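This report concerns only the one structure given below.
Chains: A, B, C and D, in written order; residue numbering restarts at 1 for each.
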Amino acid sequence: MKDVHALPPTDRGFRLLEVGLADVRKPLTVQRRDRLVTLTATFAVAVDLPAGRKGSDLSRNAELLAEVVDETVTRPVASLESACSQIARSLLARHPSATSSRASARAVYFLARGVSPDRESLEDFVLLATARARRGEHGAVHVVREVGTEAVGLTACPCAMENVREQLTERYPLLADPSLADLPLVTHNQRNRTRLTFELEEGSEVEADRMIEAIEAAQSSPTYAILKRGDEARVVVDAHRHPRFVEDVLRSLLASLGARFPDLADSVYVRAETVSEESIHKYNVVASHAATLGELRANSNP
Amino acid sequence: MKDVHALPPTDRGFRLLEVGLADVRKPLTVQRRDRLVTLTATFAVAVDLPAGRKGSDLSRNAELLAEVVDETVTRPVASLESACSQIARSLLARHPSATSSRASARAVYFLARGVSPDRESLEDFVLLATARARRGEHGAVHVVREVGTEAVGLTACPCAMENVREQLTERYPLLADPSLADLPLVTHNQRNRTRLTFELEEGSEVEADRMIEAIEAAQSSPTYAILKRGDEARVVVDAHRHPRFVEDVLRSLLASLGARFPDLADSVYVRAETVSEESIHKYNVVASHAATLGELRANSNP
Amino acid sequence: MKDVHALPPTDRGFRLLEVGLADVRKPLTVQRRDRLVTLTATFAVAVDLPAGRKGSDLSRNAELLAEVVDETVTRPVASLESACSQIARSLLARHPSATSSRASARAVYFLARGVSPDRESLEDFVLLATARARRGEHGAVHVVREVGTEAVGLTACPCAMENVREQLTERYPLLADPSLADLPLVTHNQRNRTRLTFELEEGSEVEADRMIEAIEAAQSSPTYAILKRGDEARVVVDAHRHPRFVEDVLRSLLASLGARFPDLADSVYVRAETVSEESIHKYNVVASHAATLGELRANSNP
Amino acid sequence: MKDVHALPPTDRGFRLLEVGLADVRKPLTVQRRDRLVTLTATFAVAVDLPAGRKGSDLSRNAELLAEVVDETVTRPVASLESACSQIARSLLARHPSATSSRASARAVYFLARGVSPDRESLEDFVLLATARARRGEHGAVHVVREVGTEAVGLTACPCAMENVREQLTERYPLLADPSLADLPLVTHNQRNRTRLTFELEEGSEVEADRMIEAIEAAQSSPTYAILKRGDEARVVVDAHRHPRFVEDVLRSLLASLGARFPDLADSVYVRAETVSEESIHKYNVVASHAATLGELRANSNP
């Protein structure tokens, strides 16, 4: 049968940076410390295409995904990112003319959360992973991985709270009483979605659960599925005692990473983005940053 | 050329309720009282298909949309719903074997909003319209229309505020002072999206802008694009003086309609739905209702 | 603590048809005949709200979801729809003043598919379920369930193929040779997404896998993740030997249900919708129908 | 009133790369050569934030968007990208402590298309624009712009067609007749979405309509809203005479740019991405590339 993919390109050939599959949904079984977890993951995989070749022959990618991912039912992988590493390496093995490959995945992920042990329930977060493999000399393959998480929390605006204090004190002079100095006052709150990503050398590991904890600690408060009346009031007051702009959420998160992840090298590249779905506006407010962990450590250790 | 659509169906023929096009994007020019507005509208159109016919011949629908919608550039229509009426009627004319038709459309729509005249800006809302035509006796065509709007606003939770009051009063005894009895206290706020739809006989008109005003009045507060510091505090305090569950938003909206739209008949069918994108939870909270305007008037006029 | 939900409504009270939670993501463990499956499901739950009560107290719904769904990790349910039934019943138990409840869920679902056993891989489909409970006399609760599936397949347009035949025969007279009479000719193909839903009395069971098979049989061809070169050509030719409009897909599906599901009663209500993401247009083409299984049987059994 | 934004940050201060607004919907009036066009555009705007400042004071961004965008009703801009340039410059003017800014926008855009003049209708495309401003020495501001377009078209797979030829020729020996050598044979088609972006110095202009033409020429065929029967067959045959992988679409597009845009400098940076919504698979197939126009010219001029 004629191999149309292996023909020279019709148009004068460019090497193309990426050719692949996207939006491939698969179940992935992951072995966590204490339990098996099945993720509904969405994969994208790609390789580069040399100038002399018409097509990438993508059926190999679909086969490979079936081999690596479908078989986790019987042989679970350690993590979403280790599945991506394995796929990125296999892509290079199956595409001998490719020099680089990428495997990305995204999945909803559940962790138990609760204001107290009897209020725990499974809450949803997002896991993200990307592995990029590059063919080096003598058949060596070099893999870099990104591991990301997203967590939804609550923020309370510090600016409106200050201005409310001024306005309400005119109307309610008693608010000026020293005993009410730290009384949290009304402001606007919002659903905040924050994403944190580490770019690591293969071999360096990072626990997604701890990344999620870092995000939650940077928001005014985590959010919870189950809040009985007293709980709800306590979460509200706690969030209003920690009012934060998106700028504050981002800096608080970035400042905490050096100490929270002491095992990670200074060369680890960090990306963070936070989105506030404003309750007081129809649009969203966002902040983002990217730096090495070394740069963040230098700024956050006085 | 063979007309494959007009062949008898391969499988034993069922009459099918709806066959048509969806996700057809078109610019639609509308003549408002004082200005021309160009909407980027998304249309769906359909007719029923008799049992004896294989295909509906959908190219007629695309032609018709081009004729009716593209030509509003030079001959603007009065509203999104009048465009839908015209399309629904034309669908029946072009599909002689059809007995019913439907034309639906959705578009982002802009209105000036501001806490004061010098803070005005164009804010985004959503317009929805559907026209359903039915062939009656002697060539008569009967059309029923739905006109809908969506508006985003702000809500503050009344329950958490009450419980916060109890908890904070223990810590701040001065809060029990009568002069602070109506001091708004912290609670959680959220972005609220509410949709209102009227189902009307053709000929009965309703102004979308007034539907949007009805929704905004039912939320704890409208939201605004431009809020300088003092404004923001005033909006926050105002919203917290009108704390509302989704249940309250919905009832307040429904209760207001009879008086706000005195010209509409009791037989007008009303649908309303409100979604609160909770700041304190990862999930949304929703409420919905459907009733005739007559039923709503009976309940809301003491 | 004050129960704000139990207060009378501020606005004159309407009974509200539905108040609840939406977009609640949870992992659900399902015991299939031969294996455990973990779905990432998205739930919506609601109850009605009597006229005399201000709020529905939605924290009960979140608790209930945690109890029913989170615990399937250790006690798997039989299906997505049985989870919904259990939730709908529990909603009525937890909301004594409610008279009706609804629990809906949606999840991506995987089945092995392949043109041959050595080409099998897990492909993604969608499961849908809704249970509606209604309080009857003497504490009886009546539950009706909807079970739905969605499957993506391939369609080839029969109309363009006929017209291509006429046009190409002018250019290639040999096409008129009787030996080429059934040669499949070029037309446009598209990704087709079809949804089938059954509304059943509780107690009546239907297997989602067989619903998916019914949809796939009605499309021009199923689609597959893994297609090596020869396979791809065979699938293409097979699809072009079964060219189908959306009208044909829908009728073929509806006509097959009576015989495919002989155990289901004539009173079972069927909804079906098919969307063709046209390759030759920027818009989609759709067809939908709703009927009882009895009506479909009457039409499809000559 | 206290300026909370101007306070020093609570956490040790990092400079943040971007703080801003996203998902701001606005109507934008653009003066095209021959007509006024109103776009429903979605904007995102951001500036960097110096280490010593707590908040960016985003209300200035909302004010600025209202001034620049809302006023295009009376003073139309030349293009989406020129609106972005103006906003990016104004952002720097309003945020004296910022050193860089970005304004991005996206809008659906309509052009007349048809297989013949009497079949023309308005079809939807996408416009994208980004302007990045950077403060230089002596108050100079340097702006770089990206201008992008997306167009949906049709592709036919060349590989399946070749393999179909082999398989069908066994069954239909007449297909080997030399007179049928260029008979287009069945394969799978798909909806293809291709995006092209140029990164230009301010002052260098590029016409979006011509970028869209470049994309359409690289696909197997454009798609059309109105296709009467004979047209549809002609488009199908034409597309099958130009079968193309995503790799071919991308290379064909890239190879054409040097000659199509002779006025653009070699330093212009080009990004292109093409997505094929496979009819024969449930997943998508993608290809992407990035290069300077100089590199593309070197490769495409033999």
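Criterion: a residue touches a chain if its C-beta (ideal position, glycine included) is under 8 Å from a C-beta of that chain, and two chains touch if they have at least 3 such contacts.
None of the values given here were measured: they were computed from a predicted structure.
Among the remaining chains, A is positioned farthest from chain B, on the basis of C-alpha centroids. In this structure, the chain pairs A-C and C-D differ in their number of contacting C-beta pairs, and the larger number is found at C-D. Each chain gets one centre point, the mean of its Cα atoms, and the points for chain C and chain D are 35 Å apart. Chain C has its Cα centroid 31 Å from the Cα centroid of chain A.
With touch defined as above, residues shared between interfaces to two or more other chains in chain B number as follows: 1, 24-25, 62, 124, 159, 163, 166, 225, 227, 229-230, 232, 281-283. Within the complex formed with chain D, the chain A residues making contact are 1-2, 4-5, 9-14, 16-25, 44, 46, 49, 51, 54-56, 58, 62, 158-159, 162-163, 166, 245-248, 250-252, 254-255, 275, 281-291, 296, 299-300, 302.
Residues 123-124, 152, 154-157, 159-160, 163-164, 166-168, 172-175, 177, 179-180, 183-191, 223-225, 227, 229-230, 232-237, 239-240, 277-283 of chain C are the ones touching chain D in the complex. Chain contact summary for the complex, chain D toward chain B: residues 1, 3, 24-27, 37-40, 59, 62-63, 65-66, 69-70, 107-108, 110, 120-122, 124, 225-230, 232.
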